[in-house]
Structures are given as structure tokens and as C-alpha cells.
């Protein structure tokens, strides 16, 4: 969306409806999920999705820090989405900028919508997402990873939460934007869904969409989320197929887009 | 006072002793006080004074934050004087700079000198002042507004606290400086008084004043404070004349200078 | 060590093995220690060492701030090493930079290694070091001063802790670097020792040293620490010879290097 | 009775009412509170407006100053949106650095302004790579009785519509209106059980099971969305709320046009 | 016995003494503690002095460096005053960002320096709009036994009187004295019941019912005032204290002149 | 059982084992855990490596950008080393500003890089006084199972050995390897009673009575040392550990050379 004054806008769709990386309009980038790669965390997952690399870890239920956030009747869900300094083109100063803080908030709210928080009063469930390499869609990759990490940590949830961004590129609605499409496209809409209910727990949008384009985008997002859901489930199955819970061994699950 | 290296110093007093805006030496700028304009606050007041616009709100007595500031035998009075980014000529970065922190401190001390704090041990009385448009004398306008807001909140006090700045301009002591007079004058002395005792609970000064000028300034300040006191009282009277306490309706009181 | 791109490297050793200020390889700079110069602190010491001036104060055992650092079975030792803005060539911004924070940490750990912390559970022993004038070796001067201040405060310790930097200059190992030697030398190794055990509680190094140079440096450091130890003991003896504990009078102890 | 318990009782009450299609203040589910806009409220700003939605009050001041462009957009002006949720405006806010609620509010308003092209950034270039207009949109919350995002957006759109670029002051020509190309409006809904209501009060925000904000422009585009709070919305919900958002948006745009 | 209770007992004692015209340390109501100034205390500064008032010790170091002028005063040097109330100096101070007490101290000293024209800022311009001298006045508190403002002011005035502008080091000519044009002195009083005493100790500051600081110059001007703490003063009090402040100020200015 | 009590029991156990010359994970006293290095892990960096020592994982990314030199070294590039101990990596880390543990880690790695001349700063000058390469070495901790310093150093040395200076991107010539001149390796030991063990796990770090890190280069120099934690080492200890550090260092340097 940040194309004002930019010079060389690439051609994002060719005459045959092929995208800049050869994908069709409804194709996902390759997605690989690895459950349980970290030893210290209570649950963890690593996601490689196109050129994104994202690690998620979950700690909890545990004591709440800072204490005054404690809730008498339920767990609080805290999230920290952070980008590594070297994850983007121009080195990013370490620490949470305003964008990261906003994303942390909407992801925490998304997960609090699916976790059975009443089961763990006076505790905190902490979700940490580290973006190691970024190429558009990192918040969705973070949700996908964190969701598997929560399951790996044994936190009871209504369902896993798949997520994907839909967008508009050269006037056409497409699934799972990559960086150039995000930079020079006309709209970006990240969403996260609870497959069991068909409802969205995360939804953001920026750009231009008519009513019809929005409808088409929501439909396409639901299709994308369903595919991702399958990869998430397989990653968890593989994890426990390989071994019992924890201790260094790693399971991973891949699907071609 | 900040005139070093400045270019076009305006003529601040004419041959007839008229000031840059036509006022006489002892004239106040027009002052309008509105009691109770805010719904969320326990008490509030809006002050329009010359080209100043200042909003004040009071919360409390309520729990002390942070907790360790709590006092076993009395309420603590906390004040936050803040300037809106757009309140001054050059946009001000949001947040409290050192000047605002100092002003917050002396205003809190001024009000703690008149509130019956022993009546509310282990609580906090929080005074918030937001400068929306600034034209010299904002801390005095803040005190005037906060004083009415405290009364509106029902906080028991010895007395209302009027405040005004006296200054020296073109060698002459004048009442209630406006911006040009503050910038190019020779002294600025904000003061806040308790009419009932004749004592000052806030007093600051910067500039050059001989002993005699100082004496004259104090006298003039007392005169100014007494006029302002009347406007404060009327604003409160009008507020309760119009309606019972609270709920959106607004009372205001004006006096020509 | 920071000599990349620097212009005029001074001659640090002459043909006769004399150093830039005329000292021999194993000579200390003049050292003067004054015990108890401060009234508010529970213990204090002032050190003038070559062109360094360092003040240390100790408070405690007292309540721990922040509270969550409290330990059930022992005192925590906290240290704050700070440089005054005017203590160095180019004015330093007030506040602890990363270097000061690191030094504070290793000094705190050094003193926790010698204080009988088990005697004061749930308390804090706070060591404050202010560098007023800096000329290489300030962390060692800080340790020397803080050690006397701890004794002045009556904190029970295994032993006093002398400290000194050894370094390599023009290929030769020398004792107690001054600024030019530190800036243009090849290695700097600050160390602090417990004379009673012969062990080091603080040791850092940066530069280039062969195995043999390192051995020689450690030996020389031990010699230096022993000399400094004597000055520390004398400062404390003088303090109590002059008067009983505290109350403004000041004792000081000097030794020629 | 502690604040937490009181809040819980209020929440139950709000949800019970919603079941019957009622609201605490008697409004219909799709009815906004009274809206009032006072343009030019602050003379020290280059553009300003006080927006009131019910008792919620947000004052927006726009300052336009000369500055440097970002290296990656050398031909474009700079836009900065900020929301100050000062403790004067609510018993729930404490002094301190911006909370995540303040950050979210300013970022959601910022996104709508940018996506709707409300400020013609290309037109704010003075000398490419060197000198551009920097436009600060500061939203100062005075009374937080719910639905801050919509009130801040309304104040910002109104203030921008009245902003004069102070060229004379900076000696780069004649003063001229900033002239927003488009006027974005945000409309916020919250779920209360099976009902979804527009323009929530503070009590409804506390009680709600999901919040959705939809920003529209006058050309029939959705330009920004933000789901917030714990809760969920179906795609059908989103489409239905989009239609409602267009209706509210058009009405408020009319209000601004007539200022 | 908790610290709070001990402080209360001490306060009662201080006020009881004051009723009889006495003070804890035996001083008369208008008597300062012993004053000592050591100029040139720190060789790394361009000017410095250690000021002691009783057991209160403040070290001021002045650094003069080449920098840029502020855009609105292109022909004037820059002056920055700072006071560090480091935790070494008092059991009451904790590590952390500057407290409001530190900010107040530095701002009150700064105001007196500026208002008294103690530093000739116009004379610190090297090249208009480009290069000026930036003068940092840093007051480092070493022992806080009461009356920090006066001790910091004294250290600053003494340090400034000895400051050399290091022109050679910055290759802009020959070194020269900063040469303060005027020497401001602050005198602080606190109310203890019906008495008003000069130069309060820490115990008197805790016990007091209002504090007033008056800065004077050698030409008979009051150049700054600051009322602090909970309490009040009448106009008559202020005039009387002004006279006392001139007397103390003149005596201390003499001390500085003779350094 | 509280965390504190559990930690104490573990500490007693670790120390008891050490008395018999044993370790929790069965290693010999001078045996490192398995080491694995994945170079080029992150495509967005100009050089990167993931280093694993046992379950400890640190990812280092190097970014090289054009910037300004420091005024006092106008002919040299700039090097910045940073370690992020993010809360994802350990139950002991909390969100917030860098802890002193993070600062120490980054400074110890930084010192070794500088002292060993691992980055040829003189070779990173583009235009003296104006334009130099700024080299950011960011170590991101992913799994903190003990001995962070060695893992961060290993990741950094490996990442630097693979770093390409992106000259084309900044239009200052052809891309070229950064080509570290020397490869520093840090080796960390902790005292457990009378034993001193290499490469401590997190449990051993908690139990230890002193930590000593020794950085070596391939030319037989000790280039940096850092004693940490409560505890003490004799000069004899230091010399003995230096010999052990050289042996470990040479082995790991081989590993990097073969990447």
C-alpha cells in the first residue's frame, strides 16, 4: 500500500493470470510447520511459509507478570509479536515498535477468543512470536505457528486457528500476498479463522475494496484457512507419531501449495 | 524572557500606557469558566482566558496508583499538567517534558495546601490539566480551572484558588501577560492565592525585578486574584442553579475583564 | 584499544623502559584513600588515584527495592557505577550507558563473593560508585573505594578487595594503565583480588596477550593488589584513629606509588 | 462493592437487555448517539475540530510544518497520526507512556486516512528529496464515554477538511487549503450476544464479545477494517455490517461537507 | 520503629523547637550553615567547583563544546543546566530516571542563571546559524543534607566564574574565560510554624510548611523565585524574605569573588 | 513446590555430582555438548548462522549498511553488536528493555570481535569522514539451555565468515565478502565446588560459584576475558582454563572454516 512516489512498480499479474512468483490467484505459498522445536518453552512451533520464517513459543499457564494484570476468574492471554533486527531489508531497531504492539494486541485477543481461559484463573498464558525472516504475511504466519505451539503446550482450545492474508493486486483478489504484492497491491486483509465455527477471531484490512471484492476476499480467505488447518493438524500428528511429548526431537509437516 | 538574538521586538506599551492588545496595566484578559463539561470525570471545568483554552478534570478520592505512594494519614494530591501537541506554535511532542513535570509538581503542592487531605487517608486525589490552546499564563489558567473542578467534584477545600501572572513589560509592572508580553517582557511571576488567608500557595518568578517592583507586582497579583475568584464562584453557582450535579448539562460563567 | 584510524600515537615506553608519565613498569600511580567523607551514607570512601577521582557510598543492609529482588536466605548486593557528565573529555550524557551497566554487574558480583550475605536475609546492600574525574582504571578505583566504604559501613566481609588494571603497552606488560596507555596500548586487564585467598573476584580483559604475557600480567596484578591492600587498611585505621565512627570528620591515607 | 464486581453486574445487565433488542440508553441497535462537530476549535492548530458522539469528546488538531521526506518516498509529504488517551478523559486511563489501546486507536485512524487517500501526500512535496510538508494529526481524547475510534476519525476528517497549509509562515508561497481528496469515516460495531450494535458506549465495550470497525469512503470502498476485543465474527456478519457502515458513513460525511 | 513513624517524631520535634525560636543544630533562624567552596575540583571539566553548605555537598562541572544554535536564536550560544540527584547522596533517592525533585532543582538553578544573565549567550556565538558554544552546567549531588537548590546554585556560580572556553581544543582561537557577567545566588527559606528559617536541613525540609527560594543578583534585582512544598506565604513574608535573601546573597557573592 | 525450592534442590544435586566428577547430562568435565552450525539461515541478512550447543540455539544475522563514521575514527567502519534475550527463549526472561544479562552477553561478544580484529574496520571506510559501512551483528537467542555467550559468539563468528558486503544495493561498487581477518571463539567455564566444567547448562549456571569466559584467536592470543557470577578464580585456575580454551577454540574454528 505504500507506493506513493515509488519508481519501478513491477507487473504483478501477467496476461494468463499468473502472479509474480508463478502462482495462480488462489494458490498458497509453500508452507512447512514444525511442532516442538524448542526445549525451554512449554510448547513451540516453527513455520516456514514462502520466504517467511517464524518461531512461536508458549509458556503457561503460569504466574501473571506484572501481577496487577491477574484476573480472578480466568487466565490472561498475553502476546508479544517481535521482529528480529535482521528479518527485514533495512535493519530494524530491536524492540517493539507501534506496529508490533498493535499486532501483539490483536493476536492476544484472537487467542483469548479460542482458549478455555476459565479453566486457569489467576494465571497467564504467554504467546511469543519471533519473526526471523519476513516476506509479507508475518502476523498470519505468527498466528499459525502460535496456534500449533499452544496445542503443543497442551493448552485447551476450541480449535486450532489457521490464518492467511487475502489482498487485491492489479484489480484482482488473490490469496496469500508476498512482499511485492503487499507493497504495490491495492489492498491487504489478514484474517484468522476458527474452522469449527466458521468465525473470524482476527480481521484487519487496509486498501481499497468494493463490497463485492470484500465478499470475494472473505470467501477466498476461508478456502485458504481450511488448507492451512490441514497442515497444522498434520504437524501435530507427526509430532506425536514420532515420539512422546518433548525432548529435542522435532516433527515437521509440509504441504505443497 | 527568551529574547536573545530575536529580531523584531514589538512595542509592548504605547505612549498612553496601552498594551499591545489595548488593555490597561491592571486589566485582565476576558475570562470564561464552565463548570462540569465532562461526563467521565468526578469534577471538571473548562477555562477560556484570552487565547488560552484549558480543560481540567478531577478524579478521586480513589485508590492510589502507584500503590507505594499511599499515605497512612492523608490523601495524596497528584497533578498532571499537559500540553496538547497542537496547543502551541510549533507542534509539541506528546508527553510530559521537564517544564510540564515541574509545573505539575508546584500545582500539586498548591492544591495539597488547601484540600482537607486528612479526611481521605490512603486515597489519591488526581488533578488533570490539559492545555488545548496556549497563549501565556497556562499554568494559572490550569489552577483556576482545576480549582473549580475540585469544587465540582465535591472535594472539601479551605477555599477556591484563583491564580494569575504578573509581569514587567517595557519597565512597567502589568497584570496578566499575554504571549508577546511574556516573550519580550522583563519578568514573569505566576502566583496562586488563597483569598480567605491572603497567602500564596503557588509562586514562581523569572526575570528582573527590583524590590519595589516586586512589591508592586504582589499587590497587583492580589487584585487580579480577587477578580478571578469572583468568576470562579459564579461558575459554580451557575452550575448548580441550572441543574443538580452532573449529567452532561453545562454551566458557564463569563466576566468582561 | 580504540586506536583504529587514530593519528598521533604517542611513544608509550622510552628506551630506558620509562613510561609516558615517568613510571617504571611495575609502578602504581599515586593513590590516596579517604574513609567516611559523606554524612548521609552508611559508609563511604573517596579515592584519588592518579588523575581519577571516585566517590563510593554504601547503604544497607536495608529494605530491597524493587521488592521482587528480595531473597529469602541472603542479602542481595546491588551496585550502580556511574560517571559524572563532566568526568570525561567529551561531556557524557547523564545516566547509565551499557558500559556502566556491565561494570555495575561485575562489581556487584565481585562484592557478593566476599560479603557474608547469609547474615542479612531479605535485605539489600547497595553500593554506589560515582566517577567524578576519569583517567583509565575507574572500575578498579571504584572497587577500591567501595571496599573501604563497605568496611566503613560495618558490613562483614571475608576481606577487603584491592583492584588494579594490568595491561600491555608497546609489547610490554605494565601495571596500572593511565589514559594514553589504555587508549593506545595492546591490552587491558582489570582485576580485583581477595588477598586472604589469592583468588580473583573480578577479572576482565580485552586486547591481545599470549599465554606467557597473560601469566606475567596475573603475577604483576597480584603484586599491585597487595600494595593497594595496604593503603586500604591504613585508610580504615586512620579513620578510626582520628575519631569514633561517623560525623563529618574525615580520615585519609596516602601512599606514594 | 468493588469495581470489578460492579462491572460484572453491569455487563450482565447490558447483555440481558441486548437479548430483548434493547440498549442501556434506549437506542435502537443500529442507532448512533447524537453527533456534534465544532470546526476550528483551536486557533493554534492549522486545522482542528471537536467531535462529540454522545458524551464522548475528541479534539483533533492538525499541524503542518516543513520537514524532510522519508528516503524511500522522496516526492511525498509525511503524515503522522497520533491519539492521546490522556487520564483526564477516563477513570480507566493512567499517566504513562501510550497504552496499546492508544496505539491501536491512532493506527486504525491512520490506516483509514492513508488508504482513503484523505491527504494528498504527493501534493505535499516542496522540493523532492529535501523539503516536504509534514502533517501531524493529533487526536486528544477529552471524554471517553465509548467508541473512541469513530470519534477520533470524525474529528480527524473534520479537522483535515478545514486545514490550511501555512505556506506564508514558512516562506514557501501562499496559504492554501490542504483540501482532503477523500473523507474516510469509521463505523464501529460490537457484538452483544446475538445482537450487533453500532456506536458502543463504554459499558457496551466492556460487555462486548468482539468489536469490528469498518472504514468507508464516499466512492463506495471499504478502506480499512479492524477486529478488536475477545470475540468473533462470521463472514456474513462482516458483509452485513459493511452495508450498515456505508449508511452511517454517508450520513456523517454529509455532516462534514456542510461544516 | 518504621521510617515513617521516626520521621513523624522528628517533624514534631523540629516544629516544637521552632516555636521557641530554636533549631535542631543550634542555629539562629536566619543563620546559614558553614559554607565552603573548592574551585577547580575536577580537571576534566572546563570549570568546576565543589560547594558545601554544612554537610550538603554538590559538585558542579561545566563543559563547553562546539555545537549548533537553536533555530529561533541563531546568534546565541546554548546553555543546559542539569542536576543529578544520584542515590549515592541520600538514602531517599533510588536509581532511575530523574525524579521531579531533580528536575525542579535543575530548572530553578537554570532560571536564575538565565534571568541573571550569568552566561553571556550572545558572546558564545561562533558562526551565526551554524556554530555556537554549548555550555553544559552539570550539578552532581554528593551528600544531600538539605537545601540542595542553594548548594547547586552556589556550585554552579562558582564553577562558571572559573570556566575557560576551550577554543584551542576546538580550533576556533585562543582560550578565554567564560567570564560570567552576573553572579546569581539562591537563598531558600522554609516555614516551620510561625517561624521562617533560612538554609533548611533535610529534617527541616521534611517538617516544613512551605519552602520559598529567592534568587538575587549583585545589582539589587530579584531574578527568580520558586515556592515549593505544601504550605503558603503571604506577600509580607515574601518581601521580608527578599530582604534576607539579598543579605545572604551578597555575602556569598563575596565568597565567590575571592576564590 | 515453589520454583525457588526446586532450584535449590537441583543446585545441591549438581554440586553433589560435581564432587564425584560427574555432570547431570553425563558429560566429562571438559566436554562440550554437541555443536551444530547452519550458515545462511536467514536470507534477509547479509550474513547469518544458527548455532546450536546442545539445546541452546542462537541465530545471528549480520546487516551491513552505509552510514556515517564516528567523529573520532573518520577512516573506520562502524561495528555494533547486540544480543536479544527474548522471552521466547526462556521461562526466566520477561518482556522489557534489555536486561543486564543481555547487555553483558552482547558486550563480551563485541569485545572479542573487536580485540581479535575479526572485522577489518579500516577496510569498511568508503569516503573518509563521510561514508562508511556500518556492520550490525545481531544475536537472537531462541532457546536458552545454558552458555549463551559461547553460542552467541559462535553464531556471530560463523555469520561474519559468510557475510557479503552489499555494495551493489548501495551503489558503491561490487559485492564482496566481508572476509573476517580473524575468528574469535569464546569458551566459558563454571566452578562447581572444586571442579571447573566447560560449556555449562542452565542448571550448572544456576548452581555455579563463578563463571569465566576466555576468548582466543587462531594465532594463539587470548583476546578477551570475562569473569561473571558470584565466585572466584585463582591465577592458576586462569592459566589452566586458558589452555583448555585454546583447545576448544581451535576445534570450533575448524568447524567454522569448513562451513
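For clarity, chains are labelled A, B, C, D, E and F in written order, and residue numbers in each chain start from 1.
Keep this in mind: contacts are C-beta pairs under 8 Å (C-beta built on N, C-alpha and C of every residue); 3 or more make two chains touch, one makes a residue touch a chain.
Predicted, not measured: the structure shown is a model, and the values here were computed from it.
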| item | value |
| --- | --- |
| For subunit E and subunit F, chains touching each | C |
| Per Cα centroids, the chain farthest from subunit D | C |
| Whole-Å separation of chain centres (CA-atom averages), subunit C against subunit E | 31 |
| Gap in Å, rounded to a whole number, between the CA centres of subunit F and subunit C | 27 |
| Contact graph of the chains (line, ring, star, complete, other) | ring |
| Ordered ring members, subunit C first, subunit E second | C, E, B, D, A, F |
| Complex contacts: residues of subunit C adjacent to subunit E | 38-41, 51, 53, 55-57, 59, 62, 65, 80, 82, 84-91, 94-95, 126, 128-130, 132-135, 248 |
| Subunit C residues touching subunit F - in the complex, by the definition given at the top | 1-2, 4-6, 72, 98-99, 101-102, 104-106, 109, 112-113, 189, 194, 197-211, 214-215, 218-219, 222 |
| Touching residues on subunit F, where the partner in the complex is subunit A | 41-45, 48, 55, 57, 59, 61-63, 65, 82, 84, 86-91, 94-95, 97-98, 136, 138, 140, 142-145 |
| Complex interface listing, subunit E residues touching subunit B | 4, 69, 72-76, 100, 103-104, 106-107, 111, 114-115, 121-122, 125, 210, 212, 217, 220-235, 237-239, 242-243, 246 |
